[in-house]
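Below, subunit A partners subunit B and then partners subunit C, in two separate complexes.
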Partner chain A sequence: MKNTLYVGNTQKFNAFLLFYVVTASQIGVGIHGFQRVLYSEAKQDAWISLVLSFVLAHIAVMVMMKTLDMYESNDLYGIHLDIFGKYFGNFLNFIYIVYCMAAFLAILKNYIEVINTWVFPYLDTIFLCITILIIVVYAFSGGLRVIVGICFFSFFFILWIPPILIFPLHYSDLNFLLPVLDTELKGIAKGVLSMSFTIIGFEIINIIYPFVKEKDKYKRYVHFGLLFTLFLYLSILLISLTFFSGEQLSKTIWATLTLFSIIRLPFIERVEIITICIWLIIILPNLCLYMWSAYRGVLRMKFISTKKFTFFFVLIIFVVNLYVNKRATINMLNDYFGKVAFIVVFVYPFILFLFAFIKKKIKKSQVSKNEEN
Partner chain B sequence: MKKTKPILILLICTLFVAGCTEQKILERISITTLLGYDLEEEDKVTTTLTVRQVSPDDKSSLETQSNTEETSNGTSIKVNLQTSKKIMAGQLRVLLFGKKLAQDSIEQTLHTTMMNSEISSSIYLAVADGTTKEIIEAQYENITDIGQHVFNLIDHNVEEQHSVSSTLHEVVRNNYSPFRDIAMPIIKKEGQIIKINGLAIFNKSKMVGELSSEDAFYVIMLRDKFKAGSVELSLPGNTLNHDRDQDDKLEVSIDSIKSKRSINLTNPSTPEFDVTVDFGCRLIELHSNENTGRPEVTKKLEKAIGDKMESEISRIIKYTQEKNSDIFGFGDDYYASVRNSGLTEAKWHQMYPNMKVNVKVNIEIFRNGVFE
Partner chain C sequence: MFKNNKQKKEDKEKKEQQKNEEKPKKEPISPDKNQFLLTVKEKLHSPSDFIVRSVSDNMIVVYVDNLVDNKNLNEIILTQLQEVEETPEAIHQKLTIPEVDIVDELNKFIGDMLQGAAVVHIVGHEKVVVAKISAYQSRGLSAPENESQVIGSQVGFNENLSTNISLIRRYITNPNLCNEKFVLGKQTKTSLSLLYIHGIATEEYVNTVRQRISDLDIQDILDSAVLAELIDDNSKSIFPQMLLTERPDRFCDGLLSGKVGIVVNGSSMAILCPYAFIEFFQSREDQNLRWPIASFVRLLRFFAIFTSIFLTPIYVASLTYHYEVIPQPLLVPLSESRAIVPFPPIIEALLLELIIELLREAGAKLPTKVGQTIGIVGGIVIGTAAVQAGITSNILIIIVALGALSSFTTPNYMMGNVIRIVRFPIILLAGFWGYYGIMIAICLMLIHLLRLSSLGAPYMAPFYPPRFKQWPNSIIRLPITFIKRQTVNSRNEDSNESQQGEKKVAK
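Presenting the complex of A and B:
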């Protein structure tokens, strides 16, 4: 097959690091406020929606990996080109690049909005945007291995969240979880849909696959990564559901942060302020991975240097950032992006798998025919 | 190396530029610790606050400010015109509502407070008997910092379970929960001291009644995971000694060791609840010379205390039913145990006054003091 990527061993990384890549790419800004949307759809059964959405994610990721396994060492862009040909393939690649940019923008804007609301209400968004972009460019310029290193690093900045949830547990009331399964199935399904913005990120394996060293056992690490995120999200969601009363939860925009604001430690009174600042390290791998994905796609179309790409990418993000500056616009961005992400991450892999499968079959029969002749 | 240099410079720049963001230097701001809202005529709200100012020469001064305006931000602008330093609300500890405002509705004030990200959700809320202005602006001999004082007053009483915990989070949660109502302590100024003088109970966001501070013990017993707390009971005089007259009261004081309560819905249509409280305690005070080490005496005492508590709890529940204020969260239990109930707030408030509760208190006296 054509378009195969040849990646040298020096550029590859060990398969177990995929665990950190998957968790780091999934956990981002969505975790701040996913409870609200989820609750408004699925009520007290929100946790069922969450578990279901992760089941779906496991299936989707399995299909993605099946597709990738059909090619020895190729990423999504190469598969597109192989299946759909040069023009339509490139068109799909272009869409995926735009998707990566939109994801980048959504993460950036949501994080800036949180900073502006909780910590610095009068700070200019432009200033914040530039600062974050500089850090991202710095990390990005180190290449994939550095980005994976940041993923590994940021994982340990997430680990302190579960123990700190013990404090709000004091105020929790199990009655808020009952009665189980009282919501209609439609509501639960809608809840699954609304999770897409929070759960995405694992589609990175579409792009990162050729860079994994041990291709025979990488799958388990991806699934482990998903399981860890499930554990984290579920513990936060269950505590939020019991901590807040229903209508209160649907009025709380960033429930996780409000959850933290009840914690009062002797040496620090407002834990959530520290949390928000540390969160930069947690979203950094997110931003870098999406930027890197976009770069891989651009490379397939036209060879340009990293420097040039960085310049244009940052410029576009910065300019768009100027126009998305109200809460209402950001919410709209999240809504649209969530819907698109659902299609890209949960629906499209199945379609792609079907095409790849048919293509393989046709090729096989052609080969055998040639042999017969 | 060539590449890293400009990046390094940029990074150093960002590091230093970070110091140029909004500054909140302690010496240049004043800190609010206590905030009081009172209702005036024409829907205007008077805000009274204590402001602490830290000055570099090691002395911090306190002052109180007060102003009347329609929105709380409007007042804050006016108050800023009266102080030399910018007022920040991040260290706010206690929020007081004047009684009149509480009786009108605290909904709007709560909403404003929640919207402000500066304010932590672990601050305490309380109702002031009278106006908050009286309490905050009064001069006290022994109290230097009224804000801190009121906070400590509520905090230690909540910790020892003498008063219902009323953090902003819990109040807002109960306010937005359709089947549960708010309860918060009432604070009163008596001469030179400030004290907790009972429990205000709410219907939705309106204060509708008061319970005495002794009743708070039973309210906490039914509401929360109960840990510590002591209560004084007067039992009928002939409990232990049949020669004594019934009206001659026998005073007992007990201290809780452990308590477990369970609420079960037995009949959804009435509705009817079974409330069982298992209460383990130790005897602190007993105004009698009977030997409490003997099993039959203990048994008698346990029965009498249990009966007394049952009647007290029933009385309190009845009172809240009259006022239609479900501070115990029976509605939540109802909603949690009945499938597809379609329960709404209005429906529950119709059902609540007709609710039947069977209270059963099982007392266990573990030990008494060192002297029988």
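Presenting the complex of A and C:
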């Protein structure tokens, strides 16, 4: 098969690290305030939407991996080129690169906004953008090994969240969850749709697949990763639903942070300020992985050096960043990006799988015909 | 190591020049006595400590004073030379000295002579006899000062290569202990030994070290620390990537767990590599204590490192920007102690940290007893006075002193330095951008550590790439029955299995 990637064994990483890659790529800025949108669509049945969205994610990721398995060692970009030919394939690749950049931008903007709102109201967004970009570029230039390493370490910066949720648990009221299934099915479905911005990230498997060492057992780790994220999101959502009343929740933009702000320890208060700062290391793998994905795609079109790519990538992000700086624009960006992400992550894999399947069938029949001849 | 093209070109030219210089160096030895003395003197630029002693009409002994052992010279060489036949072969056989050679090349025997050999020249022969009776002026073995430990051996390396190697050989009596000799430095001709245990050490690392040492093209090398910086992976990094130790037991411990060691003549520090980040915080003494105690001490040390790096920055960040994080009961004493301080927290903290660094530097440079006095007087006087004068708050003094104290718990001096110095940029970042600044520092540091490698092996091992089985023994010290003789980054599967087998038999 053409366009196959040859990845040396030293560049590959063990399959179990995919668990950390998937969780790290999923958990990002979305977790700060996914409850409000979800609640406005699905009311107290929001948790059903969440579970459903994860079921959908499992199916989507299964389809993705099925498609990838058809090719021995190839990523999404190579598959595009193989199925759709050079021109349309490259066009699709270009779209995916733009998607990666949009994701990068959305994460960056959302995080900067959170910092500006909660911690430093007057800190310049340009400065924040530059510092984050410096860190990302430093990590990116270290290569995939370093990026996966950050994924791995950032996982441990997430682990303290579940235990800390015990504090608000004291004030939660289970009655807020009742009655179950009170919302229409349409509302629940819309809730699933609204989760897409928070849940995406696992599509990195499309690009990272050739770099996984054990191709026979990597699937379980991807699913474990999704399950861990489900556990984390569900616990936060359930506590938010029972802690806040409906009215409050629909008016709180960053419900998770508000949830944290009531925690008092003998030596620390206002944990959310620390949380927000620690979140820098949690969004770092997100940003690095998207940047890396974009680089892989660019490499398929034209070979350029890492330095050149970094320069252009950072320049574009920085310039676009200057134009997106109001709450309304960021909200719009989130909405649009969420919809695009839903298509890219939850719909497109099925289409691609269909094409790949047909292509494989055709090839097989051709081969058998050739053999007959 | 990275060299740009210009340098490479220069290097090439240099190498060519050397070749040209080296070629005419093969000079014969004159059979004539006077001619011989003339050439030797010319070579050495007639030094005052060059001594010529004629034994008979045809035979002379030349040597450099103070480099040879006078007792051997008098009792063996000079007496025995009276009795033997006057040919190099006969002398070679008769002399009762361990190392005697016949040399027919001028520069070679001059090299030997400068290391402490007596050279016998006989008229009419183009060969000389070289008797190696060098006397080393070295200090006796003493306790290691920088890496002292309570329980365990109290002997440290000294500056003599052969003494150090004999110390190591006494610890590991094993034919597999390999010793490869190198000579480095065009001016100094320093000899150094590459040590590893065949079958335990990973071939790959041995080859890398060998390659890097033989690739070096330097004028002089006076200490192993310089060599370590020259051959490590990233010499621009603040973190040491190779261990410098003056403890033979720690060195042998490293060799036994598959590391490669280098001992340099003239330096009391031996190099061990590859070394991972976490291993710098493990002390050899942990092995000697009972495991719960050792584990406790080790955890305490990790806690100390964390405090040392982050406590002052957190103080600065909290008091500059994030008052709301501090609970009210704690905020009151904090603000009270800061009430009359005229500076912002960052200036206050930097001032105190600098004072502590000054005290440390002064204490380190002065003789031990004076150093202690300076430490106590300086610490107490300056500390109390600073608070009373209202320049700093008491709480910051506690924090800074705690940080300084904690940084000294690092078992390795090099790493301790890093811990202390790395605080300053973090304090600055904390002073400018609060917790966000601290987080920037953490991210950059983490990425930097992830990017580092030691001899190509990951620096953050066993944490990343994760080898979960090695985690418990890296963080705490497990009971000896659980420990496999295998440390971070030295994976040689066969030797581990065989050693486990041995352990079972021993039980």
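As a working rule, the second predicted complex is superposed on the first by the 373 of 373 C-alpha atoms of A that agree within 3 Å, B and C clash if a C-alpha of one lies under 4 Å from a C-alpha of the other, contacts with A are read in each partner's own complex, and residues count from 1 in each chain.
We take it that a contact is a pair of C-beta atoms (placed from the backbone, for glycine too) under 8 Å apart; a residue touches a chain by one contact, two chains touch by 3 or more.
What you see is a predicted model, and the numbers here were worked out from it, not measured in a lab.
S.K.: Is A:Phe244 in contact with subunit B, with subunit C, with both, or with neither (first, second, both, neither)?
M.R.: first
S.K.: With the two complexes superposed on chain A, say which partner A:Gln366 touches: subunit B (first), subunit C (second), both, or neither.
M.R.: Touch status of A:Gln366: no partner.
S.K.: Look at A:Thr131 in the shared chain and tell me whether it touches subunit B only, subunit C only, both, or neither; answer first, second, both or neither.
M.R.: Once the two structures are laid over each other on A, A:Thr131 reaches both partners.
S.K.: Could you say whether A:Trp118 touches subunit B, subunit C, both of them, or neither, answering first, second, both or neither?
M.R.: So A:Trp118 only meets subunit B here.
S.K.: Which of the two partners, first being subunit B and second being subunit C, lies in contact with A:Pro179: first, second, both, or neither?
M.R.: A:Pro179: touches subunit B, not subunit C.
S.K.: Could you tell me if A:Phe267 is touching subunit B, subunit C, both of them or neither one (first, second, both, neither)?
M.R.: second
S.K.: Quick one: classify A:Ile150 as touching subunit B (first), subunit C (second), both or neither.
M.R.: It touches subunit C, and subunit B stays clear.
S.K.: Of the two partner chains, subunit B (first) and subunit C (second), which one does A:Leu17 touch, if any: first, second, both, or neither?
M.R.: Once the two structures are laid over each other on A, A:Leu17 reaches subunit C alone.
S.K.: Using the superposition on chain A described above, determine whether A:Leu280 touches subunit B (first), subunit C (second), both, or neither.
M.R.: Second partner only, subunit C.
S.K.: Can you give me the overlap between the subunit B contact set and the subunit C contact set on subunit A?
M.R.: Residues 120, 123, 131, 135, 138, 264, 269-270 of subunit A touch both subunit B and subunit C.
S.K.: Can you name the residues of subunit A that touch subunit B in the complex?
M.R.: Going by the criterion above, the answer is residues 117-118, 120-123, 131, 134-135, 138, 141, 171, 173, 175-179, 182, 243-248, 251, 258, 261-264, 269-270.
S.K.: So in the complex, the part of subunit C that touches subunit A is made up of which residues?
M.R.: 321-322, 324-327, 330, 433-436, 438-440, 442-444, 446-448, 450-451, 460, 463-466
S.K.: If you look only at subunit B, which of its residues touch subunit A in the complex?
M.R.: 3, 7, 10-11, 14, 17-18, 21-22, 90-91, 114, 117, 120-122, 167, 169-170, 172-178, 180, 329, 332-333, 335-340
S.K.: What does subunit A use to touch subunit C in their complex?
M.R.: Answer in residue numbers: 13-14, 17, 115, 119-120, 123, 131, 135, 138-139, 142, 145-146, 149-150, 152-153, 264-270, 273-274, 277-278, 280-281, 284.
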